[in-house]
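In what follows, chain A forms one complex with chain B and a second complex with chain C.
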Partner chain A sequence: MTGNETFTIVAALIAIGGLGALFGGALSAASKKFAVQTDEREDAIIKILPGANCGGCGFQGCAAYAHAVVSGAAEVSLCTVGGAEIAQEIAEVMGVTAGDVRRIVAYVRCTGAADSERKYDYIGLEDCFSALNSIGGGPLECRFGCIGLGSCARACPYDAVTIESGVARVNRELCKGCSKCVTACPKRLITMMDYGAKSFVGCSSRSKGAVVRKLCGTGCLGDGLCAKNCPGGAISIVDNLAVIDYSKCDGCGKCAEKCIRNCIEFAPPVSRVNLLP
Partner chain B sequence: MNNLFYGGIHPFDGKELTRYSPVKILPPPERLIVPFQMHIGAQAKPQVSPGEEVRLGQILGEINGAVSSYVHSPVSGKVAAVEERLHPNGRMELSVVIDNDGLDTPHESVCPTELPDPSDAGYSAAVVEVMRNAGIVGMGGAAFPGHFKLQSGIGKADTLIINAAECEPYITSDHRTLLEVPDEVLFGVRTLTRALRLDSAIIAIEENKDDAIKVLEAELRGASDIKLRVLPTRYPQGAEKQLIQSVTGRLVPPGKLPADVGCVVFNVYTAWSVWRAVCRGIPVIERVVTVSGPAVESPKNLLARMGTPVRNAIEEAGGLKAGVRKVLLGGPMMGNAIYNLDVPVIKGTNAIIALFPYQTREKDDNKCIHCGRCVSVCPMRLQPLYMYQNERADNLDALRRLNLNDCMECGSCTYICPGRVNLVQAFRSGKAKLRAATQ
Partner chain C sequence: MSFVSVISLALGAILIENFILVKFLGICPFLGVSKSQETAVGMGLAVTFVMGAASLVCWVIEALLLVPLGLEFARTVVYILVISSLVQFIEMFLRKAMPGLYLSLGIYLPLITTNCAVLGVALLNRQNGYNLLESVVYGVTGGLGFFVAIFIFAGVRERLELTADVPKAFEGFPIALVSAGLLSLAFMGFSGLKII
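Here is the complex of A and B:
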């Protein structure tokens, strides 16, 4: 090896090494100088949150919610997926008390589609919005009922909604309360309910009783039997439909017992189909 | 001839079933259901009450605003009810139920109109008035109020096109009208031409109607005020914007009307209705309906009163064959399926088509393979495959960018699609999504 070659190698090492050191130094200086100020609480909250990015809190994903909590724009207890536990952890980070976290779950206010009258066989795009846009406002005779094409089931990030015998059902244990199914349903049949609620009116039809009787096996006739038999006076009939006032309902189940149409469900089971283990 | 529109398809046309069958008068049934909504625009205002005696041609529904139309009684008899009945669009719409007395006693308003001299300044207004009072709408199927179209074309239009293309498979109602009453149609065409203050009109006809072309050529020998334009057969030649392009070479810009490029297009049957309203004083109370399709026992062209249940028309044509799967109002490309045969015939009903299962899409595969054949046939030069993708993904911005609202739902893309994707249905629901988003 001649001296000239050695010099070439050493010179290259020095030049490249020197450039590396220079840029490294510049980058580290820049990262100090132009550092974005973040609240470490925000990072801590992002770590605590489930990371489902479901939007159930009303913000665009978990990071946005964490930011909102830190900036004081949101309560600590809005994460529907995490429930009380997560709310407690976030409250610890923020140094506040979590308060009561109400667990909410979705409920489909229709039970009848399996035996309800249909106008025609629907063959087309498998989603509820397109079906409702086709002839005569969809294949179902009942204007209010679930057509069971599963737009809600596809919208659910937790597989909590299934179509069982032609009508959507929510598995209350799997439901995290993100409300995605509520907006996915073009008939707005799904509402969010308190997890503790016991009695549910499984019908949304505001048609007259005679019409409902013709179209559906389980539709609410609005005859008021449930209202008469409710000991707490929690049920009223609004537009031919029973409505439960949950502040008065004590969950006795009399209404479901007396309903001749079986449209009031009392403490619905987890699901009507057997779940895989 | 290089004006012809882009794309298009050549479906099996099936016109042989009815093109030689003369129009037969369908006796009016005992009970008719006349909806107040037989046209595009505002629903007519009810003018009769149950129990009232009505006469043929009497006004049942009053015109309601500029884009609307009168509704006349198709028979004489007694109003049994004014209630919501099933409409061909599948929903319940307010209708008059009339018990026919079988006498067809005309109302005193049914009398020929004395039009002023064509050189007179009031001629156009008089024709518009006749069309308005006779409830004439676009009889090709869309049912856009005719008086409004004529009014908006006066002074603006330099070309009047009479649409005799009838590109939808199976339908021959305009074809038979041209063959049987060419002189009356031409009278209507001349009336419209003069009302628009034009020297000549163009009748655009597809070359598959060779007998009608011969009849028209004989009628028009020596005449200079009506030109006959024979176009190659291709679907959707009869769509308004495509017809304008084929005849004049002009393109209607997105969101604009034919009048904006100086064209007015009327259907053959509309022209005939004008003749009838002017010379006989009879408003639109009946129309030629093609009852056809392989699942109809003996396909026919029938002259049916408005409000005649579809069931009666089909029975007159021998009834349905066993194994029928689908009954459509309108042609197989753009017609609407009905699920109850008791819906009435209305002004836009140019055909009743019954199909067997092998002609309907029973399997729903919905697999787009990105072959792009839909792009090559779309007469509006849209990109159906991307529109479909973005509609499924609810990407409304992309739908606006792809000009979804220019889709006229002609069904060419769905017809050609090897993946059997329900494209048109997706576009309909996409349009509904856009409407919902802008509200």
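Here is the complex of A and C:
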């Protein structure tokens, strides 16, 4: 290496490094001069929040939610990821009481796909929207059922949704209630439920009983056996489908016992895989 | 440098060789922040300031540091360093002085850093061999050209939003792109305008 080249390299290092240091120093001076008085509580809340930026609270990320809380536009208990603990901590910062935080989790209202009738074998993009736009509105005979291609599972930031024997399944313990999967499902099969709920209708089919019987092993026939046997009168049949009124449900589990189709799940285990033969 | 040549340079940068509509530099904020005239004005002023200041600082650094040391090869890196520092500074200033504008500019404010019109003006100054005064004039007027273009375009889009009966398939972004093309065609008409 000649002396000239060495000089160029050293000069470049010093010049660009020096410029960087100069600008950095100027910027840090400017940041002091133009410092914005932000509410201390806002920074404190941002630190408390999980930082998942999932949007489950209805704001654009954790910082926006913290801003809304401090300005009084939002409740302290909206963070579904943090739940009661985080709400309590935010409430302490804000000097208010947190109140009750209802933990909500997602539930897939379909249990059937593994033994349901198929029109054809779908080979294509592993995406529910694409499959539903293909021939015949997707491979499943049942218009309402889960086709199990996992758009919801990919939408879940917490890996709480998995596909088990061809149908989506939410792990209630991992679910943080951000509702991302709800909008990811083109059939709108996923609903947000109270974490404390015990009985679930695992079917969304509004077809007549005879049709459902032909297409699916576990579909709701709408025969009303559960409704008749519910001691609290919490179940009604709407459009050939059992619907549970959770304000009346006391979680006795009678409905699941009486259901001849096994489509009502009572206190469902996190995973269903081991239950299947 | 005579007064006439300054005017000629300014007119050239604003109308004849408009950075957005003729040179097609800095399209990203042009399409992104042109939904309302208010934010368009803010963006236009911010870009004008950055372009003017970048021209000045880059010229000084070029003349005092890069040329004497033979470091012309590092020009792009150094220019980007200058521009990003300036943008950071503007961001701080706006956040303090105009929080409303700061919020409405959103992500496009830090994106001025990667606005090719800004780097473009600094490099063009060098390419055209402008002296200090010419560089600053070219930078500021180039920014004003950006301002004029984005302001007109925001007005067009506001009107489109309110009054035009746009076909369903063209609603929103497509019609914005079409009108940007028409505006660009209109500015091509200035190419016949030459002083001196």
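Some observations on this one:
In the analysis below, the second predicted complex is superposed on the first by the 239 of 277 C-alpha atoms of A that agree within 3 Å, B and C clash if a C-alpha of one lies under 4 Å from a C-alpha of the other, contacts with A are read in each partner's own complex, and residues count from 1 in each chain.
Just so we're on the same page, a contact is a pair of C-beta atoms (placed from the backbone, for glycine too) under 8 Å apart; a residue touches a chain by one contact, two chains touch by 3 or more.
Quantities reported herein were computed from a predicted structural model and do not represent experimental measurements.
Looking at the shared chain after the overlay, A:Glu85 reaches neither chain B nor chain C.
Of the two partner chains placed by superposition, only chain C is touched by A:Gly20; chain B is not. Once the two complexes are overlaid on the shared chain, A:Asp245 sits clear of chain B and of chain C alike. When the two structures are aligned on the shared chain, A:Thr8 is found in touch with chain C, with no touch to chain B. In the superposition on chain A, A:Ser130 contacts chain B only, with no contact to chain C. In the superposition on chain A, contact of A:Glu173 is made with neither chain B nor chain C. In the overlay built on the shared chain, the residue A:Asp194 is in contact with neither chain B nor chain C. By the touch criterion defined above, A:Asp159 reaches neither chain B nor chain C.
Judged by the document's definition of touching, no chain A residue lies at the interface with chain B and also at the interface with chain C.
Per the touch definition, chain B reaches chain A in the complex via residues 89-91, 336-340, 360-362, 364, 366, 422, 425-426, 428-429, 432-433. Interface of chain C with chain A (complex): residues 61, 65-66, 69-71, 74, 77-78, 81-82, 85, 88-89, 92-93, 95-97, 99. Residue ranges on chain A touching chain B, taken from their complex, read 119-120, 123-127, 129-130, 133-137. Residues of chain A that touch chain C in their complex: 8, 11-12, 15-16, 19-20, 23, 26-27, 30-31, 34-36.
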